[in-house]
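Structures for review follow.
In the two assemblies presented below, chain A is common to both, partnered first by chain B and then by chain C.
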Partner chain A sequence: MFRSLSPAIRAALLTLIVGMVCMLLAPYLGWLQKWPASMTLPATEWIGAAVTWLVELIKPLARWGAWLLSYPMGWAAFILIETPYPLVIAAITALGWHLGGPGMALGVLAGLCFVLFSGYWVQGMTTLSLVMVSVPLALFAGLVTGIVAYRMPALRRPIQVMLDVMQTVPTFAYLTPLLLLLGFGPVVGLIASAIYSAPPMARNVLLGLQRVDPEIRDAALMNGANSWQQLILVELPAASRQMLVGMNQSIMAALSMVIIAAVIGGFDDIGWAVLLTMRKADFGNSLIAGMVIVVFAIMIDRLSSRLAEPRGGHSRKVIWGLLGAGAVMAVLAARWLPAASEIDIFAPLAERTNSALGQFTANHGATLNAIRNNAMIYLLLPLRIGLDHAIVPVMWGFGWTSAMALGYFGAAAALAGWLAWRGQILAALMLLTAAGVVKLGIAHLPWPFVLFAAGALGWVASGWRLALTAVTLLGLILIMGLWEPAMLSVYLSGTAVLICTVLGGAIGLLSAVSPAVWRVVRPVCDLLQTVPLFVFLIPVLMFFQIGEFSALLAICAYAIVPMIRYTHQGLSSTPEELVEAALASGANSWAIMTEVRAPYAAPTILLGLNQTILYAFSMLVIAALIGTTDLGQQVYLALGQGDVGLGVAAGAAMAMLAWVADRLVQAFAEEKRAALGL
Partner chain B sequence: MIQDRPAPAGAPAISCRGVWQVFGVNARASLDLALGETGGDTAATARLLRQRGLIPAVQDITFDVAEGEVFVIMGLSGSGKSTLIRTIARLIDGTAGEIRIAGEDILTADARRLLALRRDKLGMVFQHFGLFPHMTVAENVAFPLKMQGMGPEQRRARALEVLELVSLKGREDSFPRQLSGGQQQRVGIARSLAVNPDLWFLDEPFSALDPLIRRQLQDEFLSIQADLGKTSVFITHDISEALKIADRIAIMRDGVLVQIGTPDDIVLNPVNDYVREFTRDVPKGRHAHVETIMTLPASLPRMPDDPGLRANMTIDSALAACMSLYQPVPVWGANGEIAGVVKPSDLASALTPDEL
Partner chain C sequence: MKTAKATVLVAMAGLFATPLAAAELGAVDEPIKLAVNEWTGQHITTLIAGHMLKEAGYKVEYITAGYQNMWPAMAEGDLDAAVEVWESNVPQGYYQLRDGGRLEDLGALGLDAREGFVYPAYMEEQCPGLPDWQALAACAANFATVETLPQGRLVDYPGEWGTPGADRMAALNLPFKAIPAGSEGALVAEFKAAQSQKTPLLAVFWQPHWAITAFDLKFTKLPEGTEACYADASAGPNPDVTGDCDFLPTRVFKAAWPGLKEKWPAAHEILTNLQLSVEQQQPLMGAVDVDGRPAEQVVAEWVAANESAWRPIVDAAIR
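After this line comes the complex of A and B, so read on.
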């Protein structure tokens, strides 16, 4: 009987049974819910000791490197800050002209003028100078790594794993060991951003080289090129388009990380300006500083993505003209124009924003609070600590009684029975499991159940190997003593992913159905993806203050984009032939959507879900700045206390969670693709 | 195993002896083991290798290519023809056997020697052209010269010279993407000829082109070949292309050489059904020549209405000339002497399809 069931149903059934047993035993066996402290390995201390030992070992070398780097950094800052701003603006505008013609030049000019008028010119230029130094480092490291991975197939797999790790480890986790290694100062941000932004370059270099037509490679050999000539004269130039795409991604990552690195403080850059004004609740200014970041991000993104496209020859005369005009203005500036730091045209605007915001919150504070409290009480808390703990008279007006529990599970069982009767056994089992999870709360789930469920998912999606890896990684988090914050991370990101899936899926569906909607949604998505994570915090803080709800909103705002994009992409890329075949069979548009487009789009949508999960995890750490209690918060705390062990361990735990989620979803997507023969 | 007919006079420009190309882990050791177990039988060895998860793409191939000959290797996709030419050019390392180019064993040549050979002696044309997308037409053609160490001005001059040979004068500063497929392959041909190589490898050079362009380039290939007389190894899957340009054709199937012979041989005396199937739709009269079916009697009186058949005429044109005759007709050789006789009825029966 049991054997005759499909693997998915068998796994779901076993998971449900394990869950039920745990739930029944939990009141008597405390260790089911809380991993006993006596069994916890002092992993954080070990890691701390190991990292500290390593840091001490390479400290002299690192400090010497930092000292060396401080020179180009000084020069870059000197050039950008000490050069009269009209000249800087003229030079960057000329670059825009050269890369993209009049439209680009105008855009760049407008953007830079905004930065100048905002009063954050000096801070902005400090940030840019850091990017200017870190990007070449990252590009060089990425290029070398990519080439090595390409040329030595034996190293390819380990290098790819390393790149994965470098990108999943939360950004703050880099900073703690670097702080120890290099001491306070802008060099930490510089190195962190170089490390963080090297992987996209390495990946794209490898991808580009792998995509070079084998015939071109053979042609180079047959024409008598030796292996170096083949690489430098033929393969790298042939891969250049992909490498430029990588360059664009690298530069954006570097900018994002430089801004994040402001949390360690100590130098006056634009990230610090945002942080400082946010802490002072001076949202007018923090909004303006945030917009300066956005302007930089968009400008740099557009400029560097133009690199990958062929250029029409834009007149050189204009470049010289622009530079000349800049020089003339610069000379005049010495006499007439105010210094950059004295310009504060937008100061009144910030004032007015602040007072408007004050008024708004005064008038609508009750509404905002109601929104926040209701979301907390009726959605977030139950998910976090379970119905039985969340439903208390203070909040709900009544308490959780055993009669309610009976009714709750009775209703779930009835619904599940109906589903099973309809033949949807898997759905019935999953519904029961979900009911149990909501009753217990994600943060209070018994660990044997979580481990078993992850293993079962891995087994169904791909097989024993994935199941074993998932259980091992989660087990590691457990014995490291980081289970509680880890489950809080799962709860927060899981809730966000759930919201993003429903909302993003709906928006994606609408966009696929109506091109008009897509025309509006698309630029918003573009913008949301270009904006550095940091900036997302400003608007949610403005309206909802510090707390979990604000964190959730920030995460959702960032993580919803891939869900929308992939859903739209999946649903609208069904081959025309399939749609025509369905039409010819007499399907209406609803049937075409549910019977043809949706199944065909399923693997793509799953990949979108995967991206959404990863995005949510990367935002989790940033969200720690505005009050969360999860792993991200541990990482952030570790940074503040200089606790390398905790920082690295919590960072690694986050990376492991992200890795498990990533592989599980990817395995399901892969299975779906294979089933469709794609 | 198919025995090669002795190659036409002169030392072989390329000589392959028992060449194997096996893909898989430990290919060499597995091949030796399998050969030992089967006592050297090719088919049994290949079977054994496949059972063990290896791919014997080229099996025990032996042939010679003479100086100045156009040697066509023909077969369907997956027959191993592309693998064979790549093994000969040593773009991949052969598993076993011996390949000599002008007497020199190329499978054991070290990297430096190989580089020198490629820089001076070998030229290759690729199916999808293999043009470097970031270089202009002239830079592409000059690339092998650059590898030789030639100066910029000299190599540009030489590139223009070769481009003129393939009628691409005036396009030297275009990029490959700005050219049509036919033009791109002309660039490929020009590049392969830039160093004036001794050996010319062409890997399905015209397969990616439209039929009209293909025919045009075939004619150009023939005219270039008539001028330069390169020793060429030409890969194709198109029997009419093979018959049109080959001095000799080698037909491959599943990694094995099935038949080697002149176009006439292949058309008129296919060794088995596989080859017969290939040539089934070939208009034989257009490809086979009178000399392959004429006989050499003791004597023959001159005829008053001698239609003037020549030995190198195609059967079609010979038949057209003596359609109304019933007597044996004399065939004239290139030297102006009678080379043999042919009965018009034999000409006609050579054209009837083989019964299957």
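After this line comes the complex of A and C, so read on.
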């Protein structure tokens, strides 16, 4: 009888049984909920010792490299800061003219004037000097890695795992070892930023090379090219479009790391300015400083994307004219214009932003409080600690009784029975499991159940291999003694992913239906992805206080963007033939959306979900600044205690959770794609 | 060239001085690297110290450095000194390096730092009996939020600074639940939000800090904090535990790379003798954080107007 059920149903049934057994036994066997301390391996100590040993081993080489790198960076900083600002502005504007004509030149000029007027010119130029060294470094490393992965298929898998690790382990986790390795100074930030920004380049180089038309390759071979000539003269140029995508992504990633680099210090850059204003909860000024980073990101992105396009022969005279004007201004500036560090015309604006924020908090305090309290009482607390702990008289007006538990499970069973009767056996089993999870609370879930459920999901989605990997990784977190903070992370990120999926999906759908909505949504998405997230912590905190709800909102603000983007893109890129065919057969627009567009967009939307999951986990470290107690906080604790092992272990645990969630979703997406024949 | 000039300067100073124990200047060609950390008070102290070193004939380089991360760098001489280190939140790593002889404690700064439970002044109407700590027991419910019900809510230090708030509350048997703040910015944002709505708030905070005057914060009066109270359970109102009293005064001190003494003997002496009081630092902090003036300018004015506060220390070291 059991054999005749489908694999998914079998797995769901077993998971439910394991969950029920755990729930019944948990009150008697404490170790089901809490991994006994005596069974915890001193893994953080081992990791700490291993990392320290490794650091000592390669330190001389690393120090030499750091010393070497400090030179180009020093030169870049010297040129950018010591050159009079009118000349720098003129030169970069001239570059904009050369690459993209009047429109680009005007854009660059406006952006640089913003930086100058913000009062952060010197800090901005310091940041630019870091980016000028770290980006080429990351691009070069990415290029080499991509080529190696392409030429040596045997290495492709390990390289991809390495790229995943580089992108998912939070930078804060390895700051301390990096600092020991490279010594103090901006080079640490430079390397950290290069580690984080190289993977997009490597991935895109590999993808670009794999997509080179075989005919082009054959033509090169027939002309007698050897394999290196073939690579350099034929394949790389053919892959240049895809490589440009990687380049843009790398630049964005490098700029998003500016703040992290500043945490170490070593030089007075824009990231440091954001940190100082953050510390004073000075929203107006931190927003202005953050916008400087946004301006740089947009400017470098637009300029670099023009590199590969043919240039329309913009007049050389204009370039010389601009440089000449810059030089004249520079001479004038030396005598009459204020020094760059003395300009600060946005100060009143910052002041007004701050008072507006205070005013808003004062006027809507009661409403904001009500929102927060309701979200906490009816959603977050039950999800975290379970219904039986969350439902207490002070909040709900009544307590949780065993009669209620009976009623609750009775209702769930009745609903499941009805679903099963309609043939939806899988849905019925999942409903019962979900009911059990809500009753217990995510933070209190017995670990055997979590391990089993993850394994079952992996098995159904892809097979034994994924199941084994998922269980092994979660098991590692368990025996490292990081289970509790890890489950808190799952709870926070999971809730955020849930909200982002529903809300982001709805906004994406609306944007796909109405171009007017998309026109409003798109710039908001752009802003959310480029402004340093630290900046938004201040208003969130002032509205909703320190705590989980604020952390959740901060995570959602960042993680919702890919969901909106991919949903919109998937739904609006359905081939026209499909839509027309449906129209011809008399479908109305709602039917087209649900019957044609949605199934076609499903794989894209699932990819968006995957990105949302990764983003939600990566935000945990930043959310820790508003007082969470999960893995993100462990990373800070490790920084404070100088505990190298704990930092690396907590970072690795976060990467493992993100990786397991990501692979499970991807495997399901793959299955879905295959089922749809795409 | 610079050395010659400095030697002349020392020689000239010597003419007018009584032959006290003067230190060698040392390597005046190389800049002394002072750490600039994340908070304004530290900027002010550092700028004053830097000014004194410059007056003594040294070159000074200010280097921004993350307070939590900079200690290994100082142990290796990448940074030479940090002139405002707070015992309350200095990372464990500092003590390990100091005990290993890789960092040197240059003595107290004289900044009489105070930590405690603070509340906005308007809470005295909402919770009669404040500032006395016993009033907190009765009006814990006033401070409660959804996450802490039925207990009151105490905003504690960020996790990596330790949990002094939670420890005090437990020792004093007060019905408060401590919520870690996550960061200093988060603490200040809480004050701002509470002030604008006049909502209840109790937090662990410290003085000197510009927020104390900006948000009119008051300290709760706890049983007097003594060494005995922290060592002996019977001292203090709760006979069963230690630490059932006010915070001990936080030691604020100066720390340096141990090579400082040999490389720049006079600088070592100047930094060792450097003193700055709350009364001196607090108005300067206000000028920077509340009035929005640049710290360099504020400090330049102060050192010009208060020569008597620092000149003797410099003179004593280089004569």
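FYI, the second predicted complex is superposed on the first by the 633 of 678 C-alpha atoms of A that agree within 3 Å, B and C clash if a C-alpha of one lies under 4 Å from a C-alpha of the other, contacts with A are read in each partner's own complex, and residues count from 1 in each chain.
Heads up, the rule we're going with is that a residue touches a chain if its C-beta (ideal position, glycine included) is under 8 Å from a C-beta of that chain, and two chains touch if they have at least 3 such contacts.
Everything quoted here is computed from the prediction, not taken from an experiment.
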Three-chain arrangement built on chain A, chain B and chain C clash or fit: fit
Touched partner set for A:Q229, first chain B, second chain C, both or neither: first
Touching partner for A:A281 - first (chain B), second (chain C), both, neither: second
Which of chain B and chain C A:S240 touches, first, second, both or neither: first
Partner chain(s) touched by A:M376 [first = chain B, second = chain C, both, neither]: second
Which of chain B and chain C A:A219 touches, first, second, both or neither: first
Contacts of A:I538 with chain B and chain C, given as first, second, both or neither: second
Broader residue contact with chain A after superposition on the shared chain, chain B or chain C: C
First (chain B), second (chain C), both or neither touched by A:M395: second
Smallest separation in angstrom, by C-alpha atoms, between chain B and chain C in the superposition: 47
In the complex with chain A, residue positions of chain C that touch it: 35-40, 63-66, 68-73, 76, 78-79, 89, 91-93, 96, 145-147, 149-150, 155, 158-161, 179-186, 188-190, 192-193, 196-197, 199, 289, 292
Chain A partner contacts - residues on chain B that touch it in the complex: 86, 89, 91, 111, 115, 118-120, 122-124, 126-135, 143-144, 147-148, 191-192, 195, 201
Residues on chain A engaged by chain C in the complex (per definition of touch): 175-176, 179-180, 183-185, 262-268, 272, 275-276, 278-281, 347, 358-359, 361-362, 365, 372-373, 376-377, 381, 392, 394-395, 537-538, 541-543, 545-548, 624-629, 633, 636-637, 639-643
For the chain A and chain B complex, residues of the former touching the latter: 213, 215-216, 218-226, 229, 233-234, 237-238, 240
